[in-house]
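So the structure is just underneath, and the comments pick up after that.
Should a chain be cited, it is by its letter among A, B, C, D and E, assigned in written order, with residues numbered from 1 in that chain.
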């Protein structure tokens, strides 16, 4: 056998414990810029400013206001239509339909995914239906929508459901299937099954995936709504943001078109940075399920 | 102290080990119906038959072929246009554009999410841009598409990217953020960082979420393509499935419209049950990350 | 104090070694458990049979990968044997239920979306076994026993490995199930905490005489905690021996009986290894 | 055979207790580690300092939740101290790297998308330390040492808890890092396997004299594996004592020195408890 | 009872807007003895859903371009839902405009030109271009210009043309009110107009319904026709007031003067009389877009229109 060295010996020692019962937060000082840069709202704000400046500059460079107005012009139009124009009431109309369709879509997605995790035939049904219907554009649903609901809001809700349902179901089901086996077993150990098992174990455990699905569903509900308002019609006095944009387009009021889109963008930012952000902070981040 | 009983004693025993080195699969016999029912393709097949029968019956009940043709009529039209009609070339045109847009969307999503996990400003950028642009309908991109690409395939690809990019990025990023801390630390322990860290650790670890995103992106790429072919893209020389459907619709050839939609459905089923299913079987299922 | 109580228990148990066995609670006969994956077929245990009587502290001992966890999962109702039968009180086990509370080997058995206290409360509430203030009180006292009262309101991701296991143990014990299934529950605990938990378990057993199936890989722990020890062979797990171990406590570690039993078990477990050593 | 080798090592080590210490590899000074969450602030360790010399087998011992894992993570470069400094070879630790291979306490440290063999190969390849056939050979031999050759081609989800830990150990050891950081690596292993792994580790150390930091909660294991033992206080972890333990092997468990050291450590750890017992 | 009627966006729906605004149908119905008749008006962005809604029976009355009516009639001929016209709504010219100075007639278009139409092949404009090509190059060559066409909605097409085409298009088959603005721009000149192609003023938009509605609710039908006539009279009597109504109801940003100028254009006529519809139908049959050839233009309309001096 080869010779080998043992680590050298050094004196042993013993210490009395210092009291550490009231250690507060130990802070290293941060510079102002570090502190500012550490704040998400600030970083977002800077980013939005940068985007607005880029828009303004690019639009000025193009100088084709009929196709691409400047940011300032858009903002002015937005403000005008917000204060004494139809923007608020139009947005409100759209939001109502949207929330209705979104809510119904989520409810249906819940039913579908519960079926899918409860039985093998349910799984097959969900994956088959999703594969079949998800790629179909809204116009494909037109005939059925007309037969079942006629023109108007119910049909709008129907196509919004179509755009929300599959995306949310897909993500939710994929999230369910990724729940770690040990956690599943814990849940079933307590005698949970069926709907309670889904509600109390699977949904919270798959919440990051569900949240991503909710975000995607929300965005696609908007997209669909704006396009579908034109196809499915609105009763002639009311009309949502889709009509607002369509009318402005028809009259070549490009700044107004962009004001409509800006509204969509602002709502998107609000929903993301207030609603979804708050949900995330209270759930997945607090639970340590997502960084 | 209260008195208490100890469990009663019973004789100890010791056994010689039986040889178990060549235990094969121990099978309980299954009845034929159990075996059939256990096969996913069979269950799917039954389900498709049922759906087709429901379609046929409902259409006959409605008996309004201009609005909702029967399944048999649709199938006949489908076959006719497949064998000596334009269906194959139309489908091929659409598929080309689709694959191009989907691929480009995925590539961009990869860039975005890599940025997003590499830096805090990247995270903000991704979440802000997604919140802003994801809800915008394709027509909102029309002006920019016209300016940048004119009409035709590049514009189509552009809107398909728009429908794929955000959905896939959202899901991928959410998946990345859900990767367990221990796994992350293992990866970084080997000195991985930046793009290698993303490729070698995050992407496989978040694969279930990414797959769900890919499925959603694929479906929405189809939807967008079919709707967008009318608005952008078609010069009368070429024209894909979207155009095939629209033309038939404008001419009130409803069976042909449904034949077009049937094509979309069949492609969707194929992609789901052959391509995505194979990917799942080789990845997340094999790895035990998803049941 | 609990420690003294545990010692008394051991002393009394010594006097009662001649007690007649209680009725059989769990009957496992010729059970083969297999995992099937598209590429592999793994036989975890092969034709295992044993009886667990009521109020047994039944320990399963065997080398890593021999199928201990699998066996426990099958008793828990999470796996069906491909051969043989498992009956609890005469009824075939058909699925999981709160009469058989499990402590799993993995740390991630806590619900990340519930605080430590909520985690302990959760099974009591959903199974309807305990409600309202009663449940809360039980949960708090269970947490106190595992020394985690301070952490009642934090989320599991903020706990260390050992603390997570302690929560899982508190949760299972608070339920007072017919049979408690514990898969290496104390493996992640330091010597002191581990000893306290062992005494806690025995103390609780003294009060309630519940049945417990306990997987461990420490021979000492097996003898201390168990009243009956099942020794399994290496993979695939087969029964090698079943031994009695009533009447040992922390005080009797130095007792010659303890040493003798320990040596016997040691030999069962290490026999292959010893053979190799002799040969080499 | 390895076992005999390990015993020889212990014998020789006894003769060399007077060797001069090797240079300091890792210097930890006044390190406070904290977790900040929006609701809570947890101080894991408070002003800890110690030195790890080259070729030390440095054991960290302390009650559950006292911050052992946190300390190891900080050395691994995954956490920054809020106070104090940690230097490796004089350089401040700034991030993780393959010079410090970690074995984590959690089972899920294996990459589920790689087979057992690929998992072992992975760090060798991505760090560029070993390549091609050489890497493969090393990986296979590491797997043989942890007795998992048969399982080289299965995916981690098909392994038992103990087997997962063994893969993680094989992976880390095969890398032959400057310093090996092991967080309760043997806790999930049965007595036999555990003993084999301990001997394996010591055998490897005999050949390579790498430095290892080892968290354990078994006093026996600490004395067997360690050359120097750091005893931490309960939460928040502070240094209680640092002791030598060179020269013990499995053969010396009955040695009076072993018993004496064991008793000393026991007293450090249990002092609060003892106080309580005396009072009650 | 209730009549469900749809209209599209734009000036061509002006008579229908007047009817809605002044509740003319309700008044006529009350006069005819059905006091509880109400009309619910739906606004649509395009003709697509209108066709299907009519066929599904969800809609009673629709309004779209003459070719749409002809197609609908052809497809539903003989069924309970057979669709025929009630009458014309407006006549207005549509002009093919270009910014390519070398194009004087459609013969001058080359491979490098791109002509924007709302939808290639199927839209009103696309068909007019085919008719023009048939006249210019011969019957069999009707689709000679098709390869040059691209689909682009009017607003974008106008914007693109006004900003120099951007390499996207060089010509646009336009419509009112876009062509008004476009023609004001220097460099934009007309090539041909729909009136040239069809040989005189022609129906641009027609109103139509199903024979089921016509047969089952004759009184409501009559009330609707009477109200339509009245609306047209109202417009023709006071164009300024009509323009004001339009501005108020559509929320349009154009000035009342501009609107009035358009509806006062001598080429723009509000009238129930269908014109040049037979020519279109014959052409559509010839190129195979419809299977049935109407024997006379009156086949396309209900009897009330047959009394008018149509064509």
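One rule holds for everything that comes next: contacts are C-beta pairs under 8 Å (C-beta built on N, C-alpha and C of every residue); 3 or more make two chains touch, one makes a residue touch a chain.
Keep in mind the model is a prediction, meaning the values are calculated, not measured.
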Check your understanding: Using each chain's Cα centroid, which is most distant from the centroid of chain C?
Key -> E
Point to revise | Selected from B-D, B-C or A-C, interface repeating A-D by over half of its contact pairs | key: B-C
Review point. Counting shared numbers against all numbers at the contact of chain C and chain D, is it over half, same, or under half, different?
Key: same
Check your understanding: Quick one: chain A and chain B, Cα centre-to-centre, how many Å?
Key -> 19
Check your understanding: Taking each chain's centre as the mean position of its Cα atoms, how many Å separate chain C from chain D?
Key -> 27
Exercise for review: Would you mind pulling out the distance in Å between where the CA atoms of chain B average out and where those of chain C do?
Suggested key: 44
Study note, to complete from the structure: Taking each chain's centre as the mean of its CA atoms, chain A sits from chain E at a distance in Å of 42
Review point. Can you list the residues of chain A that touch 2 or more other chains?
Key: 64, 67, 139, 143, 146-147, 249, 254, 286, 289
Check your understanding: Mind pulling the chain C residues that touch 2 or more other chains?
Key -> 37, 106, 108, 158
**Study point:** Where chain E touches two or more other chains, by residue
**Key:** 48, 52, 56, 153, 156, 159-160
Check your understanding: Can you list every touching chain pair?
Key -> A-B, A-C, A-D, A-E, B-C, B-D, B-E, C-D
Revision key, fill the gap. Listed in rising order, chain C residues that touch chain B in their complex are 5, 8-9, 12-13, 16-22, 32, 34, 36-39, 41, 43, 46-47, 53-57, 82-83, 206-207, 209, 227-228, 233, 236, 238-244, 246-247, 268
Review point. Considering the complex alone, what residue numbers of chain A touch chain D?
Key: 1-10, 12-15, 17-18, 20, 23-28, 281, 286
Point to revise | Partner chain E, residues of chain B touching it in the complex | key: 64, 66-67, 142-143, 146-147, 150-151, 230-237, 246-247, 249-252
Revision key, fill the gap. The answer for chain A against chain C in the complex is residues 180, 182-183, 185-186, 188-192, 196, 200-201, 204-205, 207, 283, 286-289
Revision key, fill the gap. Listed in rising order, chain A residues that touch chain B in their complex are 40, 43-44, 47-48, 51, 62, 64, 67-68, 120-121, 124-125, 127-128, 130-140, 143-144, 146-147, 166-167, 170-171, 174-175, 177-178, 208-209, 211-213, 215-216, 218-220, 222-224, 226-227, 245, 249, 254, 261, 264-265, 267-269, 271-273, 284, 289-291
